[in-house]
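Each in structure tokens, the structures are laid out below.
Two complexes follow with subunit A in common, the first pairing it with subunit B and the second with subunit C.
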Partner chain A sequence: MMRAGPSQEEIRKHNLGTLLRHVHLGGPTSRAELTSLMGLNRSTIMALTADLTAAGLVREELPRDTGRAGRPSLVVRPETARVYVLAFEVGVDRLAAARIGLGGVILDRREIVRERGPFDMGQVVGTLAGFARQMRRRTRDDTVCVGAAAAFCGAVRKSDGLVRSGPNIGAEEVPLAEELSRRLQLGLPVSVGNDANLGALAEHTRGVGMDCRDLVYLHGDVGIGGGVIVNGQLLGGHGGYGGEVGHMIVNPDGRPCGCGSRGCLEAEVGERALMEHAGRYGEGRGRDGVRDVVDAADRGDVVAQGALQRVGGWLGLGVANLVNIFNPEMVIFGGMLREIYLGSAAQVRSRIATGTLAATREHVRLRTSTLGDDATLMGAAEMAFARVLADPLEALSRVAN
Partner chain B sequence: MMRAGPSQEEIRKHNLGTLLRHVHLGGPTSRAELTSLMGLNRSTIMALTADLTAAGLVREELPRDTGRAGRPSLVVRPETARVYVLAFEVGVDRLAAARIGLGGVILDRREIVRERGPFDMGQVVGTLAGFARQMRRRTRDDTVCVGAAAAFCGAVRKSDGLVRSGPNIGAEEVPLAEELSRRLQLGLPVSVGNDANLGALAEHTRGVGMDCRDLVYLHGDVGIGGGVIVNGQLLGGHGGYGGEVGHMIVNPDGRPCGCGSRGCLEAEVGERALMEHAGRYGEGRGRDGVRDVVDAADRGDVVAQGALQRVGGWLGLGVANLVNIFNPEMVIFGGMLREIYLGSAAQVRSRIATGTLAATREHVRLRTSTLGDDATLMGAAEMAFARVLADPLEALSRVAN
Partner chain C sequence: MSQGPILELRGINKSFGPVQVLHDVAFSVYPGEVTALVGDNGAGKSTLVKCIGGIHPIDSGEYLFEGERVHVSGPRDAAVLGVEIVYQDLALCDNLDIVQNMFLGRERKSGLVLDEDTMEEMAAKTLAGLSVRTVKSLRQHVSSLSGGQRQTVAIAKAVLWNSKVVILDEPTAALGVAQTAQVLELVRRLADRGLAVVLISHNMNDVFAVSDRIAALYLGRMAAEVKTSEVTHAQIVELITSGRSGELGLKNGNGAAS
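Let's turn to the complex of A and B:
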């Protein structure tokens, strides 16, 4: 609720955050553009930019080449090399970490294959903390870490980043955010979010869904997760578990699912279903195994083609339901689902054509993730940047050097 | 985006709307409460109240009985008898209209049974316009109509209230909002919304879901519609067609649906499925037919019991999917689904227990609509009041007397 009129201090804080968000998401932006984008006058923009510059969050410089005559407007750039966050990913098959600069630039990155098996908190957190140490050791002295967040392949409680469940990685009731905060010793809290939710956020802010206010992102790891943007905002639900579309039941008499139910989208479309239908279960796994099936189908292998068609039909049914439920502008296939969708697009499109209302499907576009394997890390980075964008100067008073 | 600081005029408009919304939704409210609710000082509240009083939207009076010593704070009441909207409902089996006063009070009401058959725009709009004329003729001279809106049992385009489809009422591509605006001659545009969307809005603002920021409302007419509140806002989707959960496919090999697909929630749980399973198709129809089946099951009729169990299982599967997708605090059963849910709650609950993640279901409450048959009309009224709540004084400059 807007009160009597926000105080000057509140307005300034809000405007600082808005300006910083513009350059963080849009890249170098001229003062003239900011003036017009923010509806403020030039002197206010100058004052805000001066504050952010003094804080070391942005710098002003002459544009490289304006192509126009006359005195060019100074360009405001994010201090990408100086201000960064740490982003982590805990997937079934990989542990990854990146140092991502303001403006969304990956400055450094580490990744290791995770062996499948029970979730070992000490090993996971130890690996990620090690990555963080290595990357921070290589930074210049004047850099600041303004946040940290991790993407996790399971249901995560919004309030405190507790992992509630991650059947594909064998995790249940794991205080991941707490443990990461403790081990990283950044003096900053570490946030944790569901990987598909963060993938949706990343594709919405920097990827193929940048211009969509309503989109569904489907992420295939071993299982299937979802993230939904509704009117520009990530769908969270009451506890933050919204978007668990991988456990939508599409085939009531279908295959058993790791969640204990039967016929979930994940059970019919996930890695195991595809590999079993292709007669290759146990031969290859992870992204490589899925790619092998898609490649074989491309080369005319009828068993692989049949497996993809079968999986694609269920994927299409799930997407059809989501189109009727959300009336999105775009459905994005990410992670392993990029390959599966590209190998079964005909089945998916046909199921949408027969299984949705003309009105709900008429403007929907089906796309693959443009951020690819970085989508979840980029989403974690956006989660980590949220604090500095909400209140830039306050956030800087508490950073890890 | 908040700009340099909103102008004094914008702040005043916003505060007038906020104050009016408080008394519209919360009923008579003391100046002291408004001061605290809105975070404004007493003199600002006095000035705002004076403006709204002068416009005839509220009045101030001594509270009936404070039960406290000392000088009581004046109470601000909505001018319910003076300021009203017209709300309409176009259902498969009924046409209804109500005159609803500021504060959400039904002042007058008309209803007629609609015979099933093709959609006849002239008849529908003629009937509703006749109801409006009758009700307006009975108002006092000083009353003002500040808006009008209709709930329709089908997919409605947000931008202009065009009915895209309503298979159960035989409507397709019908310019209902335009025709209602023309025939009512109020000098005001008439809005049209999907009935289940408006039911969700009503239960969220005045019904059982008042305290929930995330809820799913399921509305049974002949078919099944849905309305979803996500973080306090009605889910619209790109074109306004979001929430078409009745056409979520729950049984891929299931019964044909009026939408052309197969195994939709509506096809498995709607009136026809229940009546056929109960061996009563063609005997009774509408709400009465459904009630007869539920009553028969209560009296021990095993065929009726079997029909309810079967339908309840599919309803439970659909609700389970929605719980995983939305992680709502509450699922509300309205319209004909009240009876069906009450007659099959065990099946519904069992399906949710086995078909959802522990995290997504843990806080969900299942409830029946408290606004009952008025939910959609009340929702239409809220849609009609939106204009006066957004800008009270401007809206009053264009009213139907």
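Let's turn to the complex of A and C:
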């Protein structure tokens, strides 16, 4: 059936979502600013705000002294303390959960160290569900949970949140989304996404890449993950597995990788490569192990310096490829790659200078993550907020029932 | 990024008695960018910075600020232009708290008494604007702060005065790895907020991690001013140690007048 255009109802839904998104991402915003941001007239903004206020998603207040003459425009604030989502993270070394309010404020969080070993879904989901219960028990009666999402350190199918593989955590074909939805009993489906994809989303919406429409986020955990934002959109690929830059082959005859291949970026730059080059494999793990190597290099340990240089060279090669392919405005180093980049930037940037086209590298900025260890949780929260931002009133009414 | 330099020096010469320390030095600093100033010990980095800061008068040469020729004959002149220098030894007073240090010598007054509330508010705003979350209380004595926190306070002090150019002399020299990372990120943030930042460092990883341009001094001459994205570590090391690297650098590598 042909249609002339979107219906009144669809336009209203779209505008409500857009307004809520502005307030969610930009914080308290005056009606006057919203008018110009959205290109709508004042009475429309007033009506939209009234609807969102009635639904309890935003609140209007008189601004504090504006220092200007005239009647001040009312400021629209997100109901951060009332409307929240649950965000989870399943990493190789940690399980984390947070209650994050509309506007992207962490209201509560729980974290536990995960022992390395075989992947036990029941235990992982049980721990996360336990965290969720504890946090929900501490909320006031008038609060409302509008979504839940989890970040996972592996390839996740977009359609149903099935974990296809996570070589570093030993997971394969795990129905994580389904199981989490069942155990949480929120009456809400739980979304699951790749941790680095979600980190990219978080840095793009709230972090160092806020003003960039094209960026590449690299996340170092035990392995290396990536998220690519092109023209403001996360590149998911056909099944949602896109952006697996950690398995880009940089050294065909290189070190074996957990995925079965050889010389993947992750095999040459990941935690194991660094620790082995430094002669410290088995001594320390995770972020602390990496920090110890960077620290030793800084104090003049030549073995540690050599290890960082080798790893930095491979990292630079990987970034050079990404710069040539995507011509990003920014490349962001998150997770343990923050320490590795800062400790080997001379190698990384030398490789980029020699391995990229002058035109593609011209305006690329290299930055470290500003959200740090919260990047993946914040990204999961953005994923969880997606539904309420797409159709605020419908999403809310479904939660209420 | 395509704007002109905010601060530009041309043909700067400076001698101390019979010793000529700077020879015909050109140096440009751009808003929104970190310019790393590198060079071996004795190459003239500190002298150049002190000339910019008005501590040493220049013998000859041009000093341009925002495209205008200016005469800087003392630190006050530099401060009026919006040029602030954070020295290696930090020059913070251990017996004063953070707010007192940030306003030292430039205290706000309300009538005859100090306006403590305004000063505290301004200090808090500046630190928050720099995303500094490591400092617990603004009223704690500087002596109780870690090296990285002291560096942060010194940098915040420089930024407080609506400065346009901030020069940092070896800000990470005495710090451990975790604090170095924080200070480097702070340096980058300053430039990303539109300030022109000059970073003096011997650590090539620090230089490559945050800089947009690198200026290499060799025996009192500017060997090269290059974009960081266009050079390699090996080239910069060559420029520092021999004044030239392939096409880059001084035509007469021994530093003698050509």
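Everything below uses one rule, namely that the second predicted complex is superposed on the first by the 396 of 401 C-alpha atoms of A that agree within 3 Å, B and C clash if a C-alpha of one lies under 4 Å from a C-alpha of the other, contacts with A are read in each partner's own complex, and residues count from 1 in each chain.
Note that in this section a residue touches a chain if its C-beta (ideal position, glycine included) is under 8 Å from a C-beta of that chain, and two chains touch if they have at least 3 such contacts.
Computed from a predicted structure; not experimentally measured.
Student: Applying the document's definition of touch, where does A:I11 land relative to subunit B and subunit C: first, second, both, or neither?
Tutor: First partner only.
Student: Touch test for A:H363: subunit B only (first), subunit C only (second), both, or neither?
Tutor: Both subunit B and subunit C are touched by A:H363.
Student: Examine A:R291 and indicate which partner it touches, taking first as subunit B and second as subunit C; both and neither are also allowed.
Tutor: It touches subunit C, and subunit B stays clear.
Student: Residues of subunit A touched by subunit B versus by subunit C: which partner has the larger set?
Tutor: Ranking subunit B and subunit C by residues of subunit A touched puts B first.
Student: Touch test for A:Y341: subunit B only (first), subunit C only (second), both, or neither?
Tutor: Only subunit C; A:Y341 stays clear of subunit B.
Student: Is A:N231 touching anything from subunit B or subunit C once the two structures are fitted on A? First, second, both or neither.
Tutor: After superposing on A, A:N231 lies in contact with subunit B but is clear of subunit C.
Student: Taking the superposition on A as described, I'd like to know which of subunit B and subunit C A:V245 touches: first, second, both or neither.
Tutor: Once the two structures are laid over each other on A, A:V245 reaches subunit B alone.
Student: With the two complexes superposed on chain A, say which partner A:T354 touches: subunit B (first), subunit C (second), both, or neither.
Tutor: It touches subunit B and subunit C both.
Student: Which subunit A residues come up in both lists, the one for subunit B and the one for subunit C?
Tutor: Looking at subunit A, the two contact sets intersect at 354, 358, 362-364.
Student: Any idea which subunit B residues touch subunit A in the complex?
Tutor: For this pair, the touching residues of subunit B are 1-6, 8, 11, 14-15, 18, 38-41, 44, 155, 157, 164-165, 213-214, 226, 228, 230-231, 233, 235-245, 247-252, 259-261, 317, 320-322, 324-329, 354-360, 362-364.
Student: Please give the residue numbers of subunit A that touch subunit C in the complex, ascending.
Tutor: Its residues touching subunit C are 291, 294-295, 298, 338-339, 341-350, 352-354, 358, 361-364, 366-368, 370.
Student: Using the touch definition up top, name the residues of subunit C that touch subunit A in the complex.
Tutor: 1, 131, 176-178, 180-181, 184-185, 188, 204-210, 228-234
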